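Take a look at the structures listed below.
One chain, chain A, links the two complexes that follow: it is found with chain B in the first and with chain C in the second.
This part shows the complex of A and B:
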């Protein structure tokens, strides 16, 4: 119990620090969120009006005043007003983009996890076979590719040249978004290339790490025992070896999920996918502080949450850790 | 329709506009109604439902000109051939202290309520009581004692008068461009600055917002539009595009009817994609260099003159800016856009400053003590301090980056140590209001007359130590120019105005507060497979651009209609 409380205390402190940094880091960048807008308005408005407008955007007062206002707003669950889409609350666009990112990167993570684990499992089971010698190096090589190359190649080949898939977006914009087959089919169709670009790269990591763990496990005594007992290969592979080798992979999957809401910047930009990475990039370019803060906050929160879940999973799965925490 | 240089009175103009609309009506029989025009006036990551015409983050891009109409649309391409919209005519009083506007009879808001002078006066009062609401009227108030417009008063339902704080023949340029708001809707709005106006009630040609999503929305025809039979188009369709790359992919494939994106090789990147893809990049407003004249060496006139002569403008025009810019004749900060306005004879003596002459530039620097004093190979100030400065330009604005690169090479050729400094866009923008810079490249603001452009360039109220506005970054105060501009504003006679403008031109050429470069292209691309009536180089009836700040787009869109073949296709579907 004390272990959990100690972790929780640590997470709260980390969150408070992140919250403060989230406010100051965007403001360390040179530039002014209203500068672009005001340049276009100047000549149309008097200096007095511009000052009034700056106040309406929330950029009056000292940095400290703004920080206090930011903390008070946050306590009320208000992330502030976006300057890019003034006066829309930053949270609306954040949730919209988070939804698409959760779908795209979430599915991609799960998919690459499942496929990668299967690859790793089989490669380890038949170490040195044709399957292992072909797919292990290929997947590791793909893992080293940058997302930009893969995404652009897919876009050029399958969307621009072959025209099998659309050039971008999350769905056919002439359809009304809703829970119907036509719309959801369109979402799936549009997600093929972006998903592929993410999965192709990520498989290698899972493959390699699963293969390594498996190979170690396959040399353990209990596997030898299982073989001696005359259990079927299939049963040994799935029930004895893979199951145990999965444990560290699941922990690392939990941690990976923490970063899902970081978005997939390159893929989203290339395929005009309305995800958090693309929105955050635009927010940084336009110095939309409220959005950057909101995104960093969301990311901090999910990373900490994922860590907490990983901690709890470890506690649950690893009896040694549990015993120690009960002793303490 | 060709530009004429005759001087006309405003009522005559209104007459001309009437004949123009009669001509259009005759052509009407050939016009087909229907179709959805696909436009990309701006880029965004997701659409936000905001149709406030005075929200310059979102709403104005779509709501101005298409949904809300101004009182008057100035025809900047053809001065004097304006398009009266919600007003039909106006008269400036003899003492130039008031303007009376006559509104168009029979105009209704899209909810059926009549439009009247009450709405205009209400919009004025709204702007006055909410300084943060950017209606753009220079209203006199306690905090803005030098404001131009004192009040607006209703005379009768179709007449109002605007009273001015000082005599001005040009105040109509500020008032005419306002977009009146419906009083019966907006009187209940708490704060117009933050009002999203999701269901616009307006008088423009398109008012009905349909199938709104974050990726696309439509604005469809206003059945109560005052110009009977117009618009020909059913709906405007705005797909969301977040960047140049996606916009170009779609445009190249002929999927966008009307856009305005910067492109360096339009034949290759755009026209090649679809035989109906067309473009025309007319000369727009000028781009100039602003030198920080409040410090050395830029405070020296001979240095600025040498700077101007050191530039190889031919190379800048043809190579650095891909041949898309237009030459400017005289060192006066403006060019092609106001070609009817300058007195070539009076400016001829300054022509040499626009010619590439590094030899003469070097000699001028030598004569004025700008020589290498410390033996490092670069010229120094006459007082011995060394000269080294930065040419600031936003990274990614490739034509301007190339230009600044050429400028730096040209300057280094005459022994002046200048570096290119590319900056992140936001940083560069923020720098425009500070006095802390060496050299900036900067646009000029187009206006109904050159007066607007020059009064921003020589505005004195934004100047202070460490404070500039982006149009007067040079920081020079030239009282003769401000006096001449005041005189210009106090006469309605074009000849008289020209006389004062020549004074301004001569002062600019004499003192070189800015180094004149070239006229920027105005970006305009269209696909004519579905619609006809486009502005073309042969029929340039208005400035053709789609972007915010070009009210003529409201005239342009009314002239577009489905082509016969396209209509047949629509019918089949």
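This part shows the complex of A and C:
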């Protein structure tokens, strides 16, 4: 219990740091932040209403007053108004993009986790075999190819040359979005290449970490004991070795899920996918601070939440931690 | 003599004669005995030579028009030209200079910060450790890449060096955490106590007694942060946050994407830079495999294991695999 409380305290502190950073980032910019913020609205609004908006969005008064106003607005779930798609609230755009990103990156994370863990298990079990010597280095190398490269190569090969898959977008724009077969089929079809480019890169990380954890575990005494008892290889692999080797992997899966809402910036750009990454980039280019701040805050929140979940999962799955709650 | 015959039969006779390597320090011997690490090092060396030799390897300037736009590869322009009529091969070579320099420098700087901070936290402990650990943990949970993007976007068209500095400033967290954990383990060893009793200054204890005992971790951290820096730099420039007039692998990809090079069939504008980045990543990963095995002996391949097991099997002895 004390352990959980300490972690909670840490996450609150980290969130406060992120919040403060988030507040100061546009204000550290050279020049008047409010002017930059509202420059795109000039001509569309009178000077009077601009001044009113400055006040409404907390750009007058002392820095401390502004900070308090900022926090209060956040507590009301108000992220401000997007200056690019005025007058849409930034939170609305965030939610739309978050949906697509959650689907794309979430599915990719799960897929690469399952495949990578299985690969890693097999590689550690049949260590030094053909499978291990070929796939371990290859998978880890794929891990070191930047998303830009893999996405571009897939786009070139399968969309441009073979024309098996569409060049981009999340669905066929002739279709009306809805829960029907035609639309969902189109979504799946459009997601194949972006998914593939994300999965190809991510497999290697899971593969290597599962393999190395397994190899260390296979040298433990309890595995030798299991062998001495004459248990079948399969039973030792799944019930004894893999089960324990999964612990750290599940922790990092939880942590990785925290970053899902970071979006797959590069993949989304290459495939013109309407996710958070692409929206964030557009917001950066157009200096849409309400959106950028909202996105950073959302991401920090999910990352911290994922960390907390990982802590709890560990406590739940690993009885050793429950006895010694001093492990922080 | 009988033993030797058996070794010959199993193909183990050449194992213990490492030749010149015999006298090299153990970690170096392990490194050089692993084909993966040597291959990675050779690739990296080749890339460095190609980058440094750019002025002699190509006659064309990387940043000025030297022929018609979008010429396919031929005898003059080995990798064709871009939409602006710039020579792709020249861009690739000069781009390697910037990309490799930035990657290695950012990796080195991040490792330096991480090692120093981690060792201080681990060695001094107490209040200092609490403060440093808190900062490191916060830095690790706050997503780095979006933060980098935001920082980079504030500096209008960041030069490769600026990007490298930002990457180094945000990329030292993991190294610091690992080094701190290792320092904690070494701190209470007898030889540290001996050094303290001899009144050695703290910086000498850190540099001369603790650091050499975790050199493989430091090298591994350096290789990993360098991979991260090279990929992240290319990625940031690809999405247009870098200085588009600089010649790096990232900006080559950026311009290729801007000009829809793939869509109009000019694959030579994009694919060479893709392969260059892939090759660099692969080389560093290969090196890291070997460094990993030096740091963690359990991962090390057991020499001649297969031959011995096969022999024991043949003799009818029970063997686990």
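Following the convention adopted for this analysis, the second predicted complex is superposed on the first by the 280 of 328 C-alpha atoms of A that agree within 3 Å, B and C clash if a C-alpha of one lies under 4 Å from a C-alpha of the other, contacts with A are read in each partner's own complex, and residues count from 1 in each chain.
Definition applied: contacts are C-beta pairs under 8 Å (C-beta built on N, C-alpha and C of every residue); 3 or more make two chains touch, one makes a residue touch a chain.
Everything numeric in this text was worked out from a predicted model, so none of it was measured.
By the document's definition of touching, of the two partners only chain B reaches A:93; chain C does not.
Applying the stated contact rule after C-alpha superposition, one finds that A:285 touches each of chain B and chain C. Once chain A of one complex is fitted onto chain A of the other, the partner contacts of A:171 are limited to chain B, with no touch recorded for chain C. In the superposition on chain A, contact is made by A:141 with chain C only, not with chain B.
After overlaying the two complexes on the shared chain, residue contacts for A:212 are found with chain C alone; chain B is out of touch. In the superposition on chain A, A:52 makes contact with chain B only, while chain C stays out of contact range. In the superposition on chain A, contact of A:272 is made with chain B only, not with chain C. Comparing the two complexes, residues 29, 160, 167, 269, 285 of chain A contact chain B in one case and chain C in the other. Chain A makes touch with chain B in their complex at residues 29-33, 35-37, 39-49, 52-53, 55-56, 83-88, 93, 96-97, 160, 167-171, 173-174, 176-177, 269, 272, 274, 278-279, 282, 285-287. Chain contact summary for the complex, chain A toward chain C: residues 10-11, 13-14, 17-18, 21, 25, 28-29, 128, 137, 140-141, 143-149, 152-153, 155-156, 160, 167, 212, 215-216, 219, 227, 259, 262, 265-266, 269-270, 280-281, 284-285, 292, 295-296, 299-300, 303-304, 307.
Looking at the complex, you find that chain B touches chain A at residues 44-46, 48, 50, 55-58, 130-132, 134, 136, 138, 141, 143-144, 147, 193-194, 196, 211, 213-216, 239-243, 246, 249-250, 424-427, 429-430, 432-433, 445, 452, 456, 461-462, 469-471, 549. Residue ranges on chain C touching chain A, taken from their complex, read 36, 134, 137-138, 141-143, 145-147, 149-150, 153-154, 227, 231, 234-235, 238-241, 253, 257, 262-263, 267, 270-271, 274, 277-278, 281-282, 284-286, 289, 292, 296, 298-299, 301, 305-306, 320.
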